[in-house]
Amino acid sequence: RASTVTVFAAASLTDAMTAIAQSFAAATGDRLRLSFAASSTLARQIAAGAPADLYISANRRWMSWLAWRTLLAPDSRHDLLTNDLVLIAPLDSPLGSFDMTAKTDLAGLLGDRDYIAVGDPDHVPAGIYAKQALESLGQWKTIEPHLARADNVRAALALVERGEASLGIVYKTDAAIARDIKVLASFPRDSHSPIAYPVALIRGHETPASIQCLTWLLGDEAGAIFSRYGFERPATDPKRGDRKK
Amino acid sequence: MIALTPAESEALLLSLRISAVAVVCALPFAILTAMLLAQTRFAGGILLDALVHLPLILPPVAMGYLLLVVFGVHGPLGAWLLKTLNIRLVFSWTGAALASAIVSFPFQVRAIRLALEQIDLKLYHAAATLGAGPLGRLFSLTLPLALPGIIAGAITAFVASLGEFGAIITFVSNVPGETRTLPLAIYTAIQTPGGELAAARLAALSIALGLAGLLSAEFVMRRIRQRARA
Amino acid sequence: MIALTPAESEALLLSLRISAVAVVCALPFAILTAMLLAQTRFAGGILLDALVHLPLILPPVAMGYLLLVVFGVHGPLGAWLLKTLNIRLVFSWTGAALASAIVSFPFQVRAIRLALEQIDLKLYHAAATLGAGPLGRLFSLTLPLALPGIIAGAITAFVASLGEFGAIITFVSNVPGETRTLPLAIYTAIQTPGGELAAARLAALSIALGLAGLLSAEFVMRRIRQRARA
Amino acid sequence: MSLAVDIRHRVDRLVLDAAFDIRAPGITALFGPSGSGKTTIINAIAGLLRPDRGRIAINGRTVFDRDRRIDLAPSKRRVGYVFQDARLFPHLTVKANLFYGHKRNHNSPLSPSACAGIIEMLGIGALLSHRPNLLSGGEKQRVALGRTLLANPEILLFDEPLSALDRARKNEIMLYLEGLRDARRLPILYVTHAIDEVARLADRMVVIEAGRTLAGGSVFDMLGRTDLKPLAGQFDTGTVLLAEVAGHHPEGQVSFLECAGQRLVAPHLDKNSGSPVRLHIRARDVMIARDTPTNISANNILTVKVADIVENKSGVLDVTLALGDATRDKGRAIHALITAYSATRLGLAIGQNVYAIIKSVTVDGYPTGLVC
Amino acid sequence: MSLAVDIRHRVDRLVLDAAFDIRAPGITALFGPSGSGKTTIINAIAGLLRPDRGRIAINGRTVFDRDRRIDLAPSKRRVGYVFQDARLFPHLTVKANLFYGHKRNHNSPLSPSACAGIIEMLGIGALLSHRPNLLSGGEKQRVALGRTLLANPEILLFDEPLSALDRARKNEIMLYLEGLRDARRLPILYVTHAIDEVARLADRMVVIEAGRTLAGGSVFDMLGRTDLKPLAGQFDTGTVLLAEVAGHHPEGQVSFLECAGQRLVAPHLDKNSGSPVRLHIRARDVMIARDTPTNISANNILTVKVADIVENKSGVLDVTLALGDATRDKGRAIHALITAYSATRLGLAIGQNVYAIIKSVTVDGYPTGLVC
């Protein structure tokens, strides 16, 4: 008898998870019920008793926030995916691609009245990573006044697509599919803490179906779908315990 | 237009249901509140007024969060509802309707109050001497005379419900078939790279639904006005 | 209450400025639109009505995106504004005011229209025989008699502007000191783990501002009504 | 069958201090200049205004008593109020307006035929499906009147109910009100500026000036009083007399009446012999002769005695003419308004026995009221 | 100085077909039962209603002509309209209401002293700072009247402007309107149900019945016509005569008038010898004698000839009495209303020479109007 597993997933996973749900249903006969919203929103809903079985966050903060409230099933938390941060510009930008180092004068690439679109560094995961990267590259102080803080990565991307912002910092996955933009440079992986999409079972929801779903998500079949959308698995083998956090 | 996808028609019907239920259920309360507010003598008036407008003053996300805190299964009202009536609002379309109702409540109250305040008190005097008590006056004068305001309020609330996003997604999340209304579907589509076309289709659906609501309200209003002039 | 942090007072003043400018600038257009709509003869009425309500029907995010497309530097209107007047709306508080004005426009129009439709046409007849032309009647009758509706509409719009989030953040993004209004600040706080207290403080500020608006509107309304009864 | 009012109220410039007590059924005219407080008094009786002090009792029921904290809701007072403005319900048809009170009267609803009669009398049968706001001024007033009459109240308060009506319609409605007064024995309070209506309909009269009840009493007395100076010019001085039908002309042309031992001829009255009627004789219509006039069209030649001569206004005298024996028929007098010029010419003096000449067509015999 | 109306209009039950042409200044009474279309006609003249067909010209200016597609805006027609309902602006003070039109009249604004005079005449000086909705019915009507008069229009349209006023105030206002008629030479269209007002004020009269102009002409003729059957009961039959002041009593008690070769005595008129006055003599006030009466208070004993006898209503006859020579004074006749009973008693017949006896106090001499 088919069962339904409810997955709360960060909004940036919308297309990937929708594809995953189809394959999962085909493979197991079970259905995935998906809810996409900001990671923070989902976390708060879970804390308020929303009946989610699995939670996939776009960053570690909100996963940890739930963990501290002992709302996660013990030992069920894994880093599911990773991503990269890239610098983008509108297609008609005069800038060409380059290598990002500590010497790059990002502010110099911007005009006086120009903006660089990012997720809000106060709460949007991509923005938080961007801030770390800019800090470690020593650019934060000069760039900060030029930040256009969007409330999610897609909104930041839209600002660049529309030519409002002459630069933008987004995930590689978003940049890969977007039109009207070009990737100027990737941020060095060590310029920010590793980008991770952690997944976990919600405490009290450790049903066979949801455990099966978690396992499936960590498996190769799912990995192939994720990579189709530009996501990568974290560096270490998911089968080994050290991806556990 | 190309036929609707199942997801689209699901979102459309859900939006319609949630908005309609929200408006209809809130209406009696809106009328009551407007009547209380229209009586200037009522001392707590300004507090009630502020309470009614709260969903407008606060950003929808904050409103949704507040609802989550109050009506979540661990919240004071939510726990009580779950225990005594076994009603769980979070994550269900009824919760979305509640959020819509609360967020669009001020529109209803404002319009009805405005209409109530325009009613000539002398008509009440005439009705009273003809033997109509407070309840009789309510049904024979107040409600029919405030009807344009009631309709205007209801339609604004309906239309606003159709567009309500922040409070719903924060309160009841974004579950297809249960709480994914048109605006949430639009949001979801926008989150998908290349989802602009899907979003535009959904927006067109929204507009069509809103237009249908506006049109029917206009139609009813014209009939009322014509009748009053005949 | 503990003193406001600089960021808080910045957001507060910005919200106040944006909402006030949005309401005041939109008011003449709202009155004009309401007058057009109140004349049932006007054929394109229903289309204009739909257009006015669009910001309510569409989710704010979609509205913000639409604004971006139209008023962005590559948008038809945005390009023109930039070229001829050197005005750039995106990322500036004027853009936020525009978004607020458009999103709260339907509230103003609805209320004013309702008030206009309640005015007794016979008074216009009296005014006309006393030599008042269309413009004279507008200023001596229409506007003063619709004043309760105008105030009600303006205050609803003001309060709604205070809470406007989705369209602003999408259109002009969240730039501290320029476009980070109270709702955006609240949103940021809520999205931050442990930001509840900061969010609550900001929400209290919002509510205080909204309450001040409601109170002053109530005060003006009572004076009008008293005068009319004296 | 009674209405007792004793109220004090202050609002803005108006200081109301009104007291009157009506102990019999019938019509009481409330008379006074514009702005004197008539509507305010009626509002207090209906319960639409709470007076600062005093009490009001309708048919023995105390509906308001400040000291005993009684203040019955207007809807419970069972008053019928025809407002000075028609005050129709704009959203209801004429028919729904008319039956608004009728439908809410569960104690003593009028019969359908009585309702139909009222609607026919008011000539508004063709308007039933219309909305009020396009009606003509007189049509509105008639619908308002009908709405109140159909509710079949226990007391009627009329604030200038006939001001917008033409005389033919007015006559018809007054006939109906007379019937109501006689048949239903309702107390009726009636505000009007038309002395015709007062003289014809009213049994009693209360005169208001600047918020105060200046005088009150039977119309028979009040219309003859010349001391009500503030009312000068307000109404025709005249007399209302009680008479009895003595017989009719065989061809029905005129009726013969008996009053204070004198025979009077009036236009035909549709009343049996022996019925009481009231006669309104205006002072302006009474001629005085010292010789018996002969071959004159006037049918009424009364032998009277000059009881008093008062200057009414410059050049015009008000002559009081006693009918019959001054002791037996105390107060039975008529008034004549003549110029000082003719009084001098006639050598008129108090105590003289003279003839009062009155044309039949100027004698208004009510309630049948032919010429008015 | 003129008003030409010729319009056809159909709305609901009302089929309007009105035509009249007033070529001289003065007051024209619009007379007709409730619902006959009086207000509708006035609305058309003011431009508040667009007739289906026809034309309207005010003082020679064509303000409406369907065929020539002329339709002047109401605000440009310079009409002064006193509405049947007061229609005051609720948000303005009485003062602002009063000066609403005055302030907008840039061509010929009234002088401040004239404005003050009107306000004093209307007795509304104490109300200036008030808002309209608490005014009494009569106060509202006076403010509405003042508002129109202060605007100093070129034509006045009055829709029952005095219906809610007491007689003293009415007299005062009518005096003012008479002055206006004589001094300003305005055309005035005046709707009323009160025949007193018509007889006193109007020069011409237009009778409307069910939307059609039934008759129109000088008041002198119209008030004497007995053929206007639909108006039976609408107004007192009577006569308005043009007379001339011949002299005054030395003590000022009465005035002597000359009319059709006969001498008349009327209450004192404040007019120089030789001035024309109009006399309203009601048929009900005229007595007929076959012998010369002696020693009678009535001052007017006219020698007349019975020209016609018509049954007015059951038992009452309308007797036409020709004054003077029938050929020279064509149409100079008065009417007497007497009972058939007395006609029989007197043996009255057409062609007889008889005496018409009229009390001075019943002769209303206008425009000074003492007794009315």
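Observations, loosely collected:
Per-chain numbering from 1; labels A, B, C, D and E assigned in written order.
Methods note: a residue touches a chain if its C-beta (ideal position, glycine included) is under 8 Å from a C-beta of that chain, and two chains touch if they have at least 3 such contacts.
Note that the structure is a prediction, hence the values are computed from the model and not measured.
Separation of subunit C from subunit D in touch steps, taking the shortest path, is 2. Taken together, subunit B and subunit E share the touching chains C, D. For the copy pair subunit D and subunit E, the superposing rotation over Cα atoms measures out at 180 degrees to the nearest 5.
Averaging C-alpha coordinates per chain places the centre of subunit B 20 Å away from that of subunit C. Spacing of subunit A relative to subunit C, judged by their CA centroids, is 36 angstrom. With centres defined as mean CA coordinates, subunit D is found 58 Å away from subunit B. The multi-chain contact residues of subunit A, meaning those touching 2 or more other chains, are 41. Each of the following residues of subunit E touches two or more other chains: 85, 130, 134.
Within subunit C, contacts with two or more other chains are made by residues 65, 187, 190. Counting only pairs that meet the touch rule, the chains in contact are A-B, A-C, B-C, B-D, C-E, D-E.
Chain contact summary for the complex, subunit C toward subunit B: residues 40, 45-46, 49-50, 53-63, 65, 106-107, 110-111, 113-115, 117-118, 148-149, 152, 156, 159-160, 162-166, 182-184, 186-187, 190, 199, 203, 206-207, 209-211, 214-215, 218, 222, 225.
By the touch criterion stated above, subunit C contacts subunit A in their complex at residues 65, 68-69, 72-75, 88, 90-91, 169-170, 173-175, 187-188, 190-193, 195.
On the subunit A side of its complex with subunit B, the touching residues are 6, 8, 11-12, 14-15, 18, 33-37, 41-42, 44-45, 48-51, 152, 154, 157, 174, 176-179.
Looking at the complex, you find that subunit B touches subunit D at residues 122-123, 125-133, 136, 140-141, 144-145, 147, 227-230.
Subunit D makes touch with subunit B in their complex at residues 46-48, 73-81, 83, 85, 87-91, 100-101, 104-105, 130-131, 133-134, 147-148, 151.
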